[in-house]
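Chain IDs A, B, C and D follow the sequence of writing; residue 1 opens each chain.
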Amino acid sequence: MPLLQTVDLTKSFGGIRAVERLSLSLGDSQITGLIGPNGAGKSTVFNLITGFLPPDAGRVLFNSKDITRHSPHKLVELGLARCWQGVRLFNNLAAIENVAMAVKRPSKGGRFSGLIIGWTPISGFSREIIEKARHYIEMVGLAGKSRDVVADLSFAERKLVSIAMLLATEAKLLLLDEPASGLDAKSLTRTMFPLLFKLAEAGRTLFLVEHNIELVKECCKKVFFMHHGALLAEGTPEEITRDSELKQIYFGT
Amino acid sequence: MTDLVLSLLFNGFVVGCRYLVAVLFFTLVQTSIEVIHIAYGGVIVLAGCAAFITIKLGLPIWLALLTAMLSGVVLSTVMELVIYRPLRRKQASNMIVMLVSLGMLYIIQSSADLILGGLTSRLRPEMALSFSLGPLVITDAAIWTMIGATVVSISLLFLLYGTSIGRSLRALSSNRQLARSAGIDVNRLALVVFSLSGIGAGLFVILEGLDLGIRAYMGFDIALISAFATIIGGFGSLSGAALAAVLIGMAKDTFPLYFATVWQQLLLYLCIFMFMLAKPRGFFGRKVWKAEL
Amino acid sequence: MKKVQIAVLVVLFSCTFTVFGHTAPATKYDQYKIGINQALSGPFSLSGQAYLFSMERAINEINQAGGIDGVPMKLIAEDHKGKNEQALSNLVKMATIDKVPVSIMGFTGPMMVCAKPAEEYGMLLFNHAAGMTGLEKSIGKNSFHIMANGAWDLYVGLYYAIKELKLKRIGVAWSNYEEGLLSRNMIKTIVPKLGGSVVGDESFPLGNQDFSAYIPKAKTWKADAIYYIGALEWIYFKDAYDLKLKVQQMGKAVTMAFPELITIYGKACEGNLWIGAETYGPWLTEKGRAYREAFKEKFKFYPAFIDQNLYDFPYLMRDLILHAKKAGGDYYTADRLRAALLELCGNRDYKLATGTSFKLDPKTGFAVYPFVIYRTTYNPETKEYYYNVVKSYTMEETMAIRKAGE
Amino acid sequence: MDYVFLVGSSICIYAVLGVCLNLIFGYGNIGVVCSASFFGIGAYTSALLTLAGWNFFPTMLVAIAVGALLSMVISLPALRVHWDYLVIITIAFNILMYQTMLNLQDITGGSFGIRDIPPIELFGFLFKTRLSYFLLTLVFAPLCFLAVRYVANSMYGISLMAIGEDELAAKSIGKNVGLHKIMAMAIGMSLTAAAGSLFSHQSTYINCESFTLHDTVLVLSIMIVGGMGNLWGSIVGAFILVSLPELLKFVGMSSSVAFRVRELIFGLAIVLVLMLFPKGIMGKEQPAEGRVKHMLKQKS
C-alpha cells in the first residue's frame, strides 16, 4: 500500500490552472522522480503536498491518513519534509547549528512540548541534539565544515547542509526540489548519487523534482511526467525517456 | 439632519482631497524606490517655510507656490543624493532607511520651528471667500483644494501611462530584479521621483496654508496619514492610495454625526486598525507569499 | 570592532557622569538664580522665544540697575516640551545641580508632576500658564499661581454672558487637554447655577486645526453663545467665520494680544468677547510700556498675558528677596521666599512691574485679579480692529461673581 | 546626585523596553512597534491598583498579565502579514491606545491623568527617594535583561531567530512559526508592561502624554541604534538616546535658540550613527561563534 497518495489534487492561480486533478501514489522506501517541462507545476505540487499552499480541491493521503491542509510543521512531525529549490538556510548560523535546528525532538506533552523542552538549556542546543546533528553532517560528508557559518559555504555544500537538515527531521518521506541543480558533474556523481542511494537503503522514501535526466535515470525507480498541471505518464525512467512524444514535450524539439 | 450629513460629508471630502495630494507622491516614492519616505513630512514643512517667507516679503501667492515647489524639489533631491542613495549602496534594511528618514524629519521640523515659531502661520493676509450652496458652505480654499487634487491625479496618470519614465517606473514597481536586469537606472528614476514629490509637497503646503495654516510640527501627522493611506490602498497601488486618502478624510468627518467629536480620532484609528486586520493587503494590494513561493 | 564599541561605551559613561556629577559650587548669593521650566520649543510651545525674551529683558534691567543690593540675577532656562518626564528631570536638575530655589513653569501635567518633588527639594513653583482650572486645592504648598486662574475667566465670562447679555443657551468648544477638560466640567456646573443651560459641548485634540467636523455640528446647537477653551483661538474663529457659524463667540484673553493676528483675523472675530484679568488694558508704568514696545519691536505683536507675567516675575522675585533679606539669615530659600510672598501679596494688593495689581489667596495659593471683558471692535477712522473694554469688574465684584458661581 | 539617579533610572527603564522590543523585532523580526502602549497599560494598571490599596508585586503581576493578554490582539495581524506592513498597523494600534487612554476619562482621568500615586513599598521599605528608586530599577533592569537573554539563547530563542531570518525554511523543518511568534510577543510585551508598572511610581503623577507614538519611536530608535538582534546593543542605545538630551542641557548656548538646536543635534545624532553603522552601533550578534565554542567543549 502506498506511502503518499494524492487524489484529484487541483490548484489554480487567478485563471491559470497550475495543477489539474493530479492523482499519483508513491511506494515505500524508494526514489521517485517528478519531471516535466518548465511551468508544468511541479513545484506547486510540492507546495500542495507539504501544506505551503492550500489545494482548491482534492486530497493528500500520507500513510492512508488525510493530511490535506495540514500546516507544514505538523506534516514534519508526521514524517514528511521538503527542501527548497533555491536553498534556504539560516545564514548567520554555523552549518551544524542549521542541522541541529532541524533535529527532531522527542514530542511528548503535545504541541507545546517543542517550546517547553526548548527552555531547558541555557546555551542553545543540548548535548544529544548536537550529537545527532553531527551524525547527519557526517552522513552528508561535511564533517570538516560543520563549524563554518553557512553564508561562507559553497552552493553545493549549502545544498548538502539543507539535505542534512531534511534528514535531521527524521521524516519518512523527503521531497527534494531539484537536488542536482547548480551542482557540477563531479560533485553530482561523487556525493549526490551515493547519498541518495544511501538514504533509500536507510529506508527513507525520496520524491524529487528534477531536470537532470542523468540523475533521474541513475536513481529513480519510478518517474511521473507532468505537463500543464496534469499527469501525462508514469513508469520507469527507461520507458519515459524512450517515449518520443514525451521527449518532444520535454525538450521542446 | 440631512444638512448636517451633507456638510460633514463635503468638508470630509475636501480634507480627503488635501490628503490625496500628499499621499499620491508619498506612495509614488514608496512603490518605485521602496523607501518609506517619512521625511516627506519634513519636505512639506520646509516648503511651507519657503512659502511663508515669500508671503512675508509681500510677494503674491503664486510666487509663494513656486518657491515652495522649488525648495521642495531641492530638499528632496538633496535628501536622495545625501541620504537615500548611500544607504541603497550599503543595502541598509528598510527599517534603517525608515529611521534615518524619521531623524531627518526631526531635524527639519526643529529647524522649521526656528523660522515659524510655535505659531500657526496662514498664507494670506485676508479672510477666505466663502459662499453658501444650500446647506453647504464652500470656501475658495476648498475649491482650490479640489482643483489641485484633480490636477495632481490627472498629471500623475499621464506621467505613469503616457511617458517612457512612467513605463520604467511601473516596471520598477512591478518587478525590481527584472527591471534592473532590463537596464533601468534606479538612481536616475529616484531623482525624478523625488523631485516630483518635492513639487507635490509645494502644492500641498500651499493648499494647507490657504485653509488651515502652516505649523512647524505638521510634518509627522501628514507623513503618518500618507503611510496609512499607502497601506490601506495596498502597497504598490496609486489609485488605491488615492481612494484611501479620500476615504480617511471623509470617515474622519462622518464619525461626529453619531458620536461626540472627542471620539473622532479614536474611531478613525480604530477603523484603520480594523481594516488593516481584516484586509492587510489593502484595496488593490498584491499577495505577499506568492512572491516567495 | 568589539573593543572599539566597549571603548566608546566607557568613554560615554565616564564623560556623562563627570558632567552630571559636576555640580555648581554652592556659592552664597554671588548671584540669585531663578529658573523657567516651560515648553520653550516643540509642538506645544506657543512662543517660547517670547517667554525667554520677556524674562531675560526684566533680568537685564534689574542687573543693569545694580542687581539686588549689588547681587545680579541669573536665569536658568530649561525646556520640557510639554512632556512630564522632561519637566521632572528639569526640576531635579535645577534643584540639585543649579541649586535654584524658585522656578516659574507652565502646563498642568508638568505642574502636577513637579508639585510634590518641589516640596521635597525645597523649591518654589510659580505657574504662569492659564490652566489649573479648579485645581486650587490640589497643588502642593510650594506651588503658586501668579496668573489669573482659568476658573475665574469662566466664572466672570459666564456671569457676563448669562446675567448681563441674557444669553441662556451656552455651547462649549473645548480642546482635549487638561485645561480644556477641567474647564468643560466647570462650565457644566456653573451655567445651571447662573440660570443658563449647556446646549452642547464638542472637543478636538490639542493642536488640531481642522474644525471642519466640529463647526457643522455646532450649528445644530442653536446656541446663543459658544465658549471656546484651548489654544489656536484664531484658527477656530477663522473657520467659524469661513463656515458661517454665526453666534456670540467667547474666549479667554490669555493669547489675546497678537495684533498682527487681529489684523488678519479681526473680521473673523468681530464682536467676540474675550475674558481676562485686567492687565492688557492700562499698562500704567513706564517700564511696562517700554517692555511692550520692545516686545512689539522684536515679535511684531504686543505681549500676551502669559508673556507679560514672565516680565513681571523677576521684579516680583526682587521684591520678595529684598523682603526676605530684611530678616537676615539664610534668606534665599523656598520657605523664606514663600513667607515673604504671603506677607507681600497675601490678601493685599500687590502692584506688578507692568502696573497690574493682584492679590494672592493664601489658602489656595492662587492670584486674584480684577477682571475685564473685551470685545473685538472695528474702528472706522483708523480702519483697524481693536480690543474694546466693554466691562471691567473691580476685585471685589470679581470675588462676588465667583461666589455667585459657586 | 539625585539628577543622575533620575536619569539613571529612566535609562534603566528604557533599556528594558529596548531589550524587550529587541527580542520581538530584532530576533523574531516581528515588526511590532507599539512599546509605549504596553508601557502605558502597565503604568495605568498598576497606578489604579496601587490607589486601590494593592501591594507592589500583585499589581506588577496583574500588569504583566494584562500586557500578555493584549499582546494576543497584536499577534492577530502579526501572524498574517509581512513585518513592514506590521510596523504601520502597530503604529495605528499605538495611536488607538493613546486615544483610548485620553478619552476613557472615568478610568484614566483623561488628559488630566492620575494623581497622588503612592511610592512603591516592599517589605515595609518605602522607595521614596530618587536613590532608592534608582537602585530598584538597577535591580529590575538586569533581571529583565537576564530573562530575555535566557530566552534568546535557549533552543526556543534560536528557533525564533531562525524564523526571523527565513520563515519558510523554518516551517519546512517543522517549526511552529505562529506559536513562536505569539510567545515572543507575550514575553516581550509583558515585560514592557512590568517596566510600565515600575515607571508609574517614578513620580506621583502619570498622564497619557508619557505614552505617545513619539515614545515608541524613541524605543525603536534605541533598538536600532544599538543594533537589531543584539541585546547589549539595546542597553547602549538606551544609554545614548536617553542621556544625550540630558547631556545637551549642559551645552551652553544662547538660550533662546538652544532648545531647538538641541533637538536638531538629537536628530543629527540618530542620522549620523545610522549612516556610519547601518547595522547599529553594536551590530548584529554572530550567534555562531559563541555556541560553536560551547560545542567544542562538549566534544572534548
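By definition in this document, contacts are C-beta pairs under 8 Å (C-beta built on N, C-alpha and C of every residue); 3 or more make two chains touch, one makes a residue touch a chain.
As the structure is a computational prediction, the values presented were derived from the model and not from experiment.
Central chain (C-alpha centroid nearest the global protein C-alpha centroid): D. Taking B-C and A-D together, the chain pair joined by more C-beta contacts is A-D. Averaging C-alpha coordinates per chain places the centre of chain A 48 Å away from that of chain B. The distance from the centre of chain A to the centre of chain C, each centre being the mean of the chain's C-alpha atoms, comes to 73 Å.
Our note on geometry: chain B versus chain C, Cα centroid distance of 36 Å, whole angstroms.
Put simply, the C-alpha centre of chain A and that of chain D have 41 angstrom between them. Chain contacts: chain C has residues 41-42, 48-49, 176 touching two or more partner chains. In chain B, the positions touching at least two other chains are 110, 113, 262, 265, 293.
The multi-chain contact residues of chain A, meaning those touching 2 or more other chains, are 52. Chain contact summary for the complex, chain D toward chain B: residues 31, 76-77, 80-82, 84-85, 87-89, 91-93, 95-96, 99-100, 102-103, 168, 213, 217, 220-221, 224, 228, 257, 260-261, 263-264, 266-268, 270-271, 274-275, 278. For chain C in complex with chain B, the residues that touch the partner chain are 41-49, 176, 201-205, 207, 209-210, 212-214, 216-217, 219-220, 232, 234-235, 238, 241-244, 263-265, 267-268.
Those residues of chain D that touch chain C in the shared complex are 1-4, 6-7, 10, 102-103, 105, 110-113, 115, 130, 202-207, 209-210, 236, 239-240, 243, 245-247, 249-250, 255-256, 258-260, 262-263, 281-283. Residues 36, 83, 86-87, 90, 92-96, 98-100, 102-107, 110-111, 113-114, 224, 227-228, 230-231, 235, 262-263, 265-266, 269-270, 272-273, 276-277, 280, 288, 292-293 of chain B are the ones that touch chain D when the two sit in their complex. Contact residues of chain A toward chain D in the complex are 50, 52, 71-73, 75-77, 81-84, 88-94, 96-97, 101-102, 104, 111-112, 114-115, 117-127, 129-130, 147, 149, 165-166, 168-169.
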